[in-house]
């Protein structure tokens, strides 16, 4: 009797979130701790569900801007996926220049997103100056995309059939020089992530996701690639540009950070390539009529595969939009990583998955 | 002082409890026993105070042995009877070990009686140390007995229980008044008998087994003591404590009796590796634990050591080992206490830990250390009594002794929680005596790096386990939640408050305690260094601002009692979720790991004890 | 120890912090700050209202006004693109924060501003 | 007369402890900001924060919480006073230790998971730092022959270099810096033991912490004493600045480690260093070495 | 000047009530070297009990509404709320979404509205400065009231 009560009151239940300094977004982990060891974790969703998928069906033109607001971190991927969906419904071929501009913007956003994730990781392990340094670099890209698109977060550059804004020659050279500078400075930071003993102490072996478990949860993006699953949609889509996915085998928080670190270097490279080879031509091809049919679009967002399903029946409003986001699968995998870890590792592990609730719940 | 009144006082403190004990056996009914216990308690308190005053003002009371030959004879007879009782008990309990120990004691005693024992000296020698002990036993012991009157309502066999309790007090007083080691031995063994009976009182299997364990350990200690006494007679030609030579004058094999008596003290004070019996004793009703841990039993061991301190002083390796055994016990049990969830077990470990400190003080053998040891003895007894009685009251109120189950007790049993707060404060907080003695002891070990290391780590652990426990009790919700309150029984309230008052008074009068009791005893061997003066207490190298701290503590207490306008309250932070809160405790180590530590500690300390006994032999051989 | 060199370099080269609000804000030319109407050119055709994704503006043909709820406008520039008369312009300067939610009313002849007043509890 | 004047000056110094520590913390914040490439707040920012907190009413969960916090403040302040008056250093340290104990109690007296985790970590932190500081105090006393701060003379650091060095990690821990910012570890347990305090209550706990830091710095400064008062002041100032700079740089070049690592580090390396120093000194004194 | 001392140390709490993260990241950007609001004494405290100013982002989803209220109630007085971005001000970017309440002021009183989707860090700074001004007024007024 007393023993049982003993066990009961030895556990602490921690409501981790929805408002918690380690999280940007409202997510609730109900953690069961024995002393500081996590013995059980329950993930509670729904704080961020706005009902966007329903609202997105109201007017297909308006939805370009609204689906950007599925998420402010990879807004451009959402609008691109959406526009590509409708382009395939309208069967328009996007002009080459527009494709290149989209690539520049997507990869720039990937940079901001990965720098954010890494900065967040640094913050979670209490490495404040590294966080500051990463955000300092991030600001330079924010300034660049602000200049190109007119906004720091929601570029509103996509249109069905192309893009709405052009990149001037001056902006092009600005992009290249910024990338050169960033590369030099980031390589220094990359070395810190790779070698610093205190960072390694906090990340190596934390939140291990073996390839088998990774597959069973169907994780995507850097989380999958850190667990040895070589899967990156850019590999097949980026014809003409040299690209190889980054893969690591360890499957721990360290590997996930390192995948992002290397992807940043590859993205820098991709941006430089596309910006210097930017072809001429039209920005945008007009479409006619109302969308009909159904389509799937897949895109490699910073956190992994983003999938849009759109079905339309020839009216201004769409019949159904379904967004399957990368974070949706990756966050679920947390429940496989967290048990057995220390309370202090919770932020590190959570952040290493780079959870995004706003798109997971839409 | 030769007046018969003094004889009366000394005699009363030993005989009165015994007499009332016999009376209790006939009374049987709890209310009647309660009255008798109450009466004898009041009287004992008053008499102890009177004796205290006399000794402080007029110096030690000495009674020559040849005047008391008849008593010596009576004691010898009773002693043999006691040994036979033990043999009988062992036979009934089927404990071969206890039987062997009892038989060995019988043989040693008989050998001594046949060989003849020197008779020239003071049989009774009531000095400052004795009277200090008698005061603690009589006052704290009485309070515990009164407390037990209420507590034992749930148990059977009241007559026997209270008889043994009172007998215990009488025996304790007898032991500390005796100067003749054989007298002391008799009373020593009476306490063994009492503890056996009290631990086994509940009559359950577990209780009986624990009682037998206790008997085995302490009887073993008794053998060591008996042999020690015999060797005393052999080496020093005396069995009178005040005639033992001082440490500088002895060496080699002559140290053996001292070593053996030290081992006996270790068993009585439950130092590692002899701690098992005291932990097993937790099955006894709480008043018994309170009595064993504070006013009686375990104190007897360290008392003997303090008595032997002048002889041990300067004995080199021997006193060094005693000191090491003490600090090691202190540290190890302090760490173990962090891993326990049962309040009584935490307290038990804490007792061993604190007694370890006193042992260490004796081993250190400096003026400061001796002073610290005596201060520790007094204040530990008071606060431990308070804490045990509080746990008893909590057990009655909530049905559990588990620390986890005490969560939020502040809201449910404010008075008892307050008592725990006071008790713990006495243990760790200024200005109380334990804190002062910790300070003193720390200053004493500044030139002993190794001892200091054990000490600083142990102090840390002590803070941790008290914080954990007190923290649990005070883990409360908002003040709005604190609505339903159990009434604490009046007897409990009164006894708890009385103990707290004794503790507070003793702290307030620490200067007087020092001047009147401690320094005179210390000055037998050393120059007493701790003086009242300046802001409080001062040594040649340090200063303890007692007065200022008392003022500070009083101000804080007033603030605590002041019930002004309630501050605005808010719910606890739960990340906005507003969910049910559940907080657990920390035990740091798994049970397996604790057991492993325990095994290692037992082994190492057993080696140390063996070394302790063999050190004189080795020294002899080497010389 | 790479971090050591970075932080010490930072200490020597000094902070990169902007001076804002004492100094100027770092806003690029092409920034989509806020929209502004040139009512001279506007024909009150209502196309902008139709396209606005957040329903931030209302064209009132009868009163000759265009009402912009500033705090609803996401500065997407759709209305700018949609206006056949090029009556709407995008200004790099952003809207200002307020104690109340500004509503801006553009009148075909006169332009005036008014507050919505304190929010109803 | 002069002694009365001196006493008054010391009292004034005591009253100024929060100001001094506040400025020191402000300096630390500016330095941290600069190391991170930021402009950072004013040097007085920490003092401003405290003033604001003390003027803000705040709310509490229950009374015990408040009382324990006030107790912690009283003890830490008393400790600082004892130290400043040149009295018993050990007393000062023990008082400050009990002050920490009361802070833990304040955190435990609320049924709040974060507060409890914070308190438990604070306990581990105490286990890590208290023994080291206490050994440092004992070694100071051993080297100088007295526990009275006023009687600890000369550059004791020369005799006790390792003991003085061991104070740096301790200060790192007590200043809540990485690699050992544990108890209030900003991200995972919100603000640990302080989570349920607000307004004035938080100010009180902060003040208590500042006094505690004052005591720690005070103990460190006992290693450095010169007979020339002006030179003494300069050396002490330089030591404090050096410590602030060192801790800020270490903080900014490391991630935060876990509490067991901290405990292991401090109980082996730091405590070992002090012990080694003390034993060497002991052997030198008893003539075994040299 | 009354209320000066308070206003020099605004501690903020950030809560995302269902935003798209756009504004949240901009709030984070405020803490980083380029904008570094610590130069105004501003600090991000992840704890309502330590905070003076609550920065809310997002259109307040129905599930978050009660949580927002809970956090708001745990902040000690005087407290200020800044609705960051169009979402928090009006909920407009999510017009037509059935699970939003449409703006923070539908749940708790808002002191300052910051426009933008996403709101720029510079505008956020202005917004917080406005909140601080208002705070200064409140404390100044209350201490004057106490004096008379």
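We call the chains A, B, C, D and E, going by the order they appear; numbering starts again at 1 in every chain.
In this text, a residue touches a chain if its C-beta (ideal position, glycine included) is under 8 Å from a C-beta of that chain, and two chains touch if they have at least 3 such contacts.
None of the values given here were measured: they were computed from a predicted structure.
Colleague: Per-chain C-alpha centres versus the global one: which chain is nearest?
Modeller: Chain D is the most central one.
Colleague: Taking each chain's centre as the mean of its C-alpha atoms, give the chain farthest from chain D.
Modeller: So the chain farthest away from chain D turns out to be C.
Colleague: Let me check something: if the centre of a chain is the mean of its CA atoms, which chain is farthest from chain E?
Modeller: It is B.
Colleague: Name the two chains that are joined by the greatest number of C-beta pairs in contact.
Modeller: The chain pair sharing the largest number of C-beta contacts is B-D.
Colleague: At what distance in angstrom does the C-alpha mean of chain E lie from that of chain D?
Modeller: Measuring from centre to centre gives 35 Å for this pair.
Colleague: How many angstrom lie between the CA centroids of chain B and chain C, rounded to a whole number?
Modeller: Comparing mean C-alpha positions, chain C is 80 Å from chain B.
Colleague: Report the inter-centroid distance (CA atoms only) between chain C and chain E in whole Å.
Modeller: 20
Colleague: Can you list the residues of chain E that touch 2 or more other chains?
Modeller: Counting only residues that touch two or more other chains, chain E contributes 15, 32-34, 36, 39, 45-49, 67, 71, 74, 76, 93, 95, 117, 120.
Colleague: Do you know which chain D residues sit against two or more other chains?
Modeller: 33, 35-40, 57-59, 113-114, 116, 120, 186-187, 190, 195-196, 198, 252-254
Colleague: Could you list which residues of chain B touch at least two other chains?
Modeller: Where chain B meets two or more other chains at a single residue, that happens at 407, 568, 570-571, 573-574, 576-577, 581-584, 586.
Colleague: Going by the touch definition at the top, which pairs of chains touch each other?
Modeller: Result of the pairwise touch check is A-B, A-C, A-D, A-E, B-D, B-E, C-D, C-E, D-E.
Colleague: Can you check the complex and tell me which residues of chain C touch chain D?
Modeller: That would be residues 1, 3-4, 7-8, 10-11, 13-17 of chain C.
Colleague: Which residues, counting only chain C, touch chain E once they are in their complex?
Modeller: 15-18, 20-21, 25-27, 53-56, 69-75, 94-101, 119, 121
Colleague: Quick check on the complex: what are the chain E residues that touch chain A?
Modeller: 13, 15-26, 28-29, 32-34, 44-48, 58-59, 61, 63-64, 67, 71, 93-100, 117-118, 120
Colleague: Quick check on the complex: what are the chain D residues that touch chain A?
Modeller: It is residues 32, 35-38, 113-114, 116-117, 120, 178-179, 181, 185-190, 251-259, 261 of chain D that touch chain A.
Colleague: For a test of understanding, state which residues of chain E touch chain D in their complex under the given definition.
Modeller: Residue positions touching the partner: 5-6, 8-9, 11, 32-33, 36, 38-41, 43, 45-47, 49-50, 52, 74-78.
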